[in-house]
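Both complexes shown next keep subunit A, but they swap its partner, so subunit B is in the first and subunit C is in the second.
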Partner chain A sequence: MKRITWKMVSTEAKLLLIGIPVLLWTIIPIYHMVLFSISPRDQATSGRLWPKEPTLNNFRLVFEQKHFYLDYFWVQLGNSLVIALSVGALTLAVSTAAAFAISRLKVRGGRTVMNLALFTYFIPAAFLAVPMYKTMSNYGLLNSQWSLILAMVTIASPYCIWVLKQASDKLPLELDEAAKMDGATALQLFRLVYLPLMVPSLVAVGTYALLLAWNEYLYAFLLLSKASSVTLAVALGNFVAADDSPWELLMTTGLIYALPPAAIYYTFKRYMVAGLTAGAVKS
Partner chain B sequence: MTSWEKWGLFLVIPYLLVFLVFVIYPVSYGLWLARDPQSYVRLFADPIFFRTLINTVIFIVVAVNVKMVVALFLSGFFLHTRWWIKLLSLIFILPWAVPSIPTILSMRFMLNPEWGVINTLIFKMTGLDGPNWLGDPTLALAFSMLAHIWKSLPFWTLILLAGRMAIPAEQYEAASVDGASSWQKFRFITLPSIRSLYLTSVILSMIWTLGDFNSVYLLTGGGPADMTHVLATLGIRYLRLDQVDLALASVVVALPLVLPLVYFMMKRLSK
Partner chain C sequence: MASVSFRKIEKSFGKVKIIHGISFDITDGEFVVLVGPSGCGKSTLLRMLAGLEEISGGEIAIDDKVINELDSKDRDIAMVFQSYALYPHMTVRENMAFSLKLRKADAALTNQRVGDAARILNMEPLLERYPRELSGGQRQRVAMGRAIVRDPKVFLFDEPLSNLDAKLRVAMRAEIKALHQRLKTTTVYVTHDQIEAMTMADRIVVMRDGIIEQIGAPLELFDRPDNLFVAQFIGSPSMNVLKGTLRQADGRAWVESQGHAWPVDTLTQAHDGQTVVYGVRPTDMNVSATGQGIPAKVIVVEPTGAETELLLEVGETQVIVVMHGRISVQPDDIVHLEIAQAKVHVFDDASGQRLE
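Now for the complex of A and B:
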């Protein structure tokens, strides 16, 4: 049996003294949202820790689109999904091709392309929003979902190319030489050797791009405006425009909107953390 | 040109097209639209602009440093192996894993002076009306910074935790044998090992914080009376008022703030 000493007790106490505030700080805004979503309208703001009569009625109201803020709930949820999936797929295609060309095929000027991409990555997207808005209007793409998809691919790909290039540079060069010796074409090398070895990084960057698009608010509300074409993020933002907003419905919709990214994050946590830390920690 | 070189060119072209059409063109077009000196005169004459600059500087100096110091501290906390700390680390990551719109709106409701849960509790306990949290420019900016810290603290804690875990355990064991205190271990082993990572993180966090639109816009909307705008929201404000030239001028004015930080990061990463 381990002897319990005073030193051990004080260490545990110190850890708890940090852990409890951290837990409260983290959970309160989220718990507040959950509390709203299970409270009847007149009890949501009572200041109680748990509603007197918890209910799932808010979820029913949202799913049945029983409020004029929610007239397009399912369409908007679908928009968010289609846009996120398109951005994920397109970003993955564009950045995998570029990273392969730069890292393995050593395309001329590859270093410059990489630096340009990195530069784009570091310029905050909020600063590119105004020129991007003008550009999309010039291209006649405003209010088309393509504008948001293309803008998000532009914002997501630099980081993806960089992470993929880092991972790809680590694959042994002998692989390519052996493939070349055997008379393999670049495409065969890509398909049979490169892609299978890169799966973890591909999952990480694909998820990154998908979540970036699903979570995006600024570009979505600038580029899209019709109630039937906006994403759920924009619809949530529109709720607060009026004073008489149904908070409990907003929080319920917000919770539904927040669940998929959280689920994806926890499912791919291993890949995400490895990919992201490889991205940020190195240096 | 060999077939491999041809493939290389072919595969890099899609990204180059994206870059030309959606980065080079917008940036050049934006700079061209922002060429009129008159726009800058009008921008500097706008009292909101001056206030915005101050807010932005407060944001990147105070919010970023507070966040990084806390992240450094918490990374040490999460290093401890306890079952409940492992569980807590899963919960702790939530703010970063969920989108910021619903959570920031949730905070906004908590802070509502009439119905918000904070003032309801204050009234229940003291019988007094709580302050109008977001109606005061200083408080509103402080809460925007808190929302920002709430959202991004988990990410930086994770990064610094990874940095700390890369330090060989033998170094700490050797120090323990020599009777070093935990402060001495932190000061002479941890700090030197993660100094460079910490500095990079601060700079990168400053860049991202400069571009943080949501924490301010969704919590305060720039209000009250446009007193809590930062550079990331100011451009959008002008755009919504249909003053595109001012919007672009405000972005150009932000460049001297952003570019040195970007230069630093580029230097770091191309090493």
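Now for the complex of A and C:
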């Protein structure tokens, strides 16, 4: 066993000195959220570290839609889910096909298209919100969930194409050539060879797009306005519109809303790290 | 079973021309090896035959049918890649059956073909494994199995043994040759390793910088290289070459080099005083401690068991001699070189062409 030296202790201390504040910084908001969600209404802002009478009543209120802010809770949660899943699926379809065409079929001008798409990230999404609103209104899509789905696919796709392109560049070209010699058409190559080998990256990219849509506020707020068609994220924003916001219900709903992403992240963590970093470094 | 013809084949990448009008024919059932240093265009030529590269000029024909515009899959050829290119997510069986599956062959036929190929290659127990669970040699065998299952007109091999270790390479070499003797399918094999070319080929095509330097049977190339390049490329250790001046007088001929007279037969294509390159293979010389011959100083003695390789210094140059058996010489000893005069090669210094 190694002897403990002063140097080791001081290194450890320095790391802790950075680590502990970062941990607190991350954990305190979540702690607050949990604290509010298990506090009765009159004790929510009492400033105690743990409520005197912890309760799950807030959850019951939310699930039973017992507040006028929560009239459409289940519908809105469903909206969020439908929109997130659609964005995930559509983004995957678009970016996989694009990455395959650019990286494997070497379509002329493919790289230029990808770079142009990436270029859109130089403009903050907030700046594009108004043009996007105008466009959707031109197409008559305002208030339709398609508008948000299409907008989010537009925002997610460039990055996803780039990640998938980098990942597919790593697949040996000989595989395509072997398949070609074996008699595969481009579509068969895509379906039978390319897709199975890209699964880790596809999971990562799909999850990324799904979470991006799930967490989106600005675009959802702009493009959707009917209470029955907005996502839960927008509905949460509406809580603070009044002077006497039901904070404990806001936090409870927020906590519920945060659980699916956490679950998804932990399920696919393995792929997320492998998939997203796979495209990170050009080698 | 098929013949293959290359007719004035050219290939350019952009403005750079890398294959300059190559023509030769491969007869039915022949095993032809394309060999040359890297960048000579041998792989490109193979890939043009495979349909993986566009043909910039000329024609390639299989059984007299021009295939320039045909897709790879319609050319009825199978290829084994250097990197094996096995589908990682499929078992050995699925890998081998893939081409038949794409052709929608019925299950019974597929099973029979895969079974036959597995038997030929001795890998029946491996059929349900994944490529990642196989050794390099086994993977190479699967790649060959995938080609055999197709029962193609022509087999193409693109440096298939380069990724294997030395011992396995020798074993696989014999295996591929035995396979060809058994199946008798026309085969085009690309390698940069002249030993592979020598041991496997019915005929060798030596290429350099996009042109053919010489075509011939292995021993033909070894015994009568057309030019200095082929002379030095074929054979290991490679041929000793010395620059010198040809002297011919009174029915006698020799080459003056390094202050000595190197014996040659009289040449009709050369004249007295011509600058030539004198070539002699390490195995076509003998050393003796005393007596006649050109004196040389021993630099290094490398016994390999059956043979002894000597590095000698003659004047300002060095020559290698390979002797059968073992000899007792030490570094710094002076020995005498006896040269098998009939086996000497002489090349024109300017053109590098063989002189007779």
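The criterion applied here is as follows: the second predicted complex is superposed on the first by the 253 of 283 C-alpha atoms of A that agree within 3 Å, B and C clash if a C-alpha of one lies under 4 Å from a C-alpha of the other, contacts with A are read in each partner's own complex, and residues count from 1 in each chain.
Just so we're on the same page, contacts are C-beta pairs under 8 Å (C-beta built on N, C-alpha and C of every residue); 3 or more make two chains touch, one makes a residue touch a chain.
What you are looking at is a predicted structure, and each value in this text was computed from that prediction instead of being measured.
Engineer: Should the superposition on subunit A be reported as showing a clash between subunit B and subunit C, or a fit?
Structural biologist: After superposition on subunit A, subunit B vs subunit C: fit, no clash.
Engineer: Examine A:L197 and indicate which partner it touches, taking first as subunit B and second as subunit C; both and neither are also allowed.
Structural biologist: It touches subunit C, and subunit B stays clear.
Engineer: Check the residue A:E174 against both partner chains and state whether it touches subunit B (first), subunit C (second), both, or neither.
Structural biologist: Second partner only.
Engineer: Which of the two partners, first being subunit B and second being subunit C, lies in contact with A:S10: first, second, both, or neither?
Structural biologist: neither
Engineer: Answer with first, second, both or neither: which of subunit B and subunit C does A:N215 touch in the superposed model?
Structural biologist: first
Engineer: Is the number of subunit A residues in contact higher for subunit B or for subunit C?
Structural biologist: Of the two chains, more subunit A residues are contacted by B.
Engineer: Between subunit B (first) and subunit C (second), which does A:D182 come into contact with in this model arrangement: first, second, both, or neither?
Structural biologist: In the superposition, A:D182 touches subunit C alone.
Engineer: So, does A:T267 touch the first partner subunit B, the second partner subunit C, both, or neither?
Structural biologist: neither
Engineer: After overlaying the two complexes, what is the shortest C-alpha distance between subunit B and subunit C, in Å?
Structural biologist: 8
Engineer: Which subunit A residues lie in the overlap of the subunit B contact set and the subunit C contact set?
Structural biologist: 180
Engineer: Which part of subunit C faces subunit A closely enough to touch in the complex?
Structural biologist: 50-52, 72-73, 77-79, 81-83, 85-89, 98-99, 102-103, 146, 150
Engineer: Looking at the complex, which residues from subunit A come into contact with subunit B?
Structural biologist: Residues of subunit A touching subunit B: 15, 18-19, 22-23, 25-30, 32-33, 36, 45-47, 93-95, 97-98, 100-102, 105-108, 110, 113, 115-120, 122-135, 138, 150-151, 153-154, 157, 161-162, 180, 185-187, 214-215, 217-218, 222, 233, 236-237, 239-240, 247, 250-251, 253-255, 257-258, 261-262, 265-266, 273, 276-277, 280-283.
Engineer: Considering only the defined contacts, which subunit A positions touch subunit C in the complex?
Structural biologist: Going by the criterion above, the answer is residues 172, 174-175, 177-184, 188, 192-193, 196-197.
Engineer: Could you please specify the touching residues of subunit B with respect to subunit A in the complex?
Structural biologist: Subunit B residues touching subunit A: 3-5, 7-12, 14-16, 18-19, 22-23, 25-27, 29-30, 33, 74, 77, 80, 82, 84-85, 88, 90-95, 97-110, 115-117, 120-121, 124, 150, 154-155, 158-159, 162-163, 196-197, 200-201, 204, 207-208, 210-214, 217-218, 231-233, 235-236, 239, 244, 247-248, 251, 254, 258, 261-262, 265-266, 268-271.
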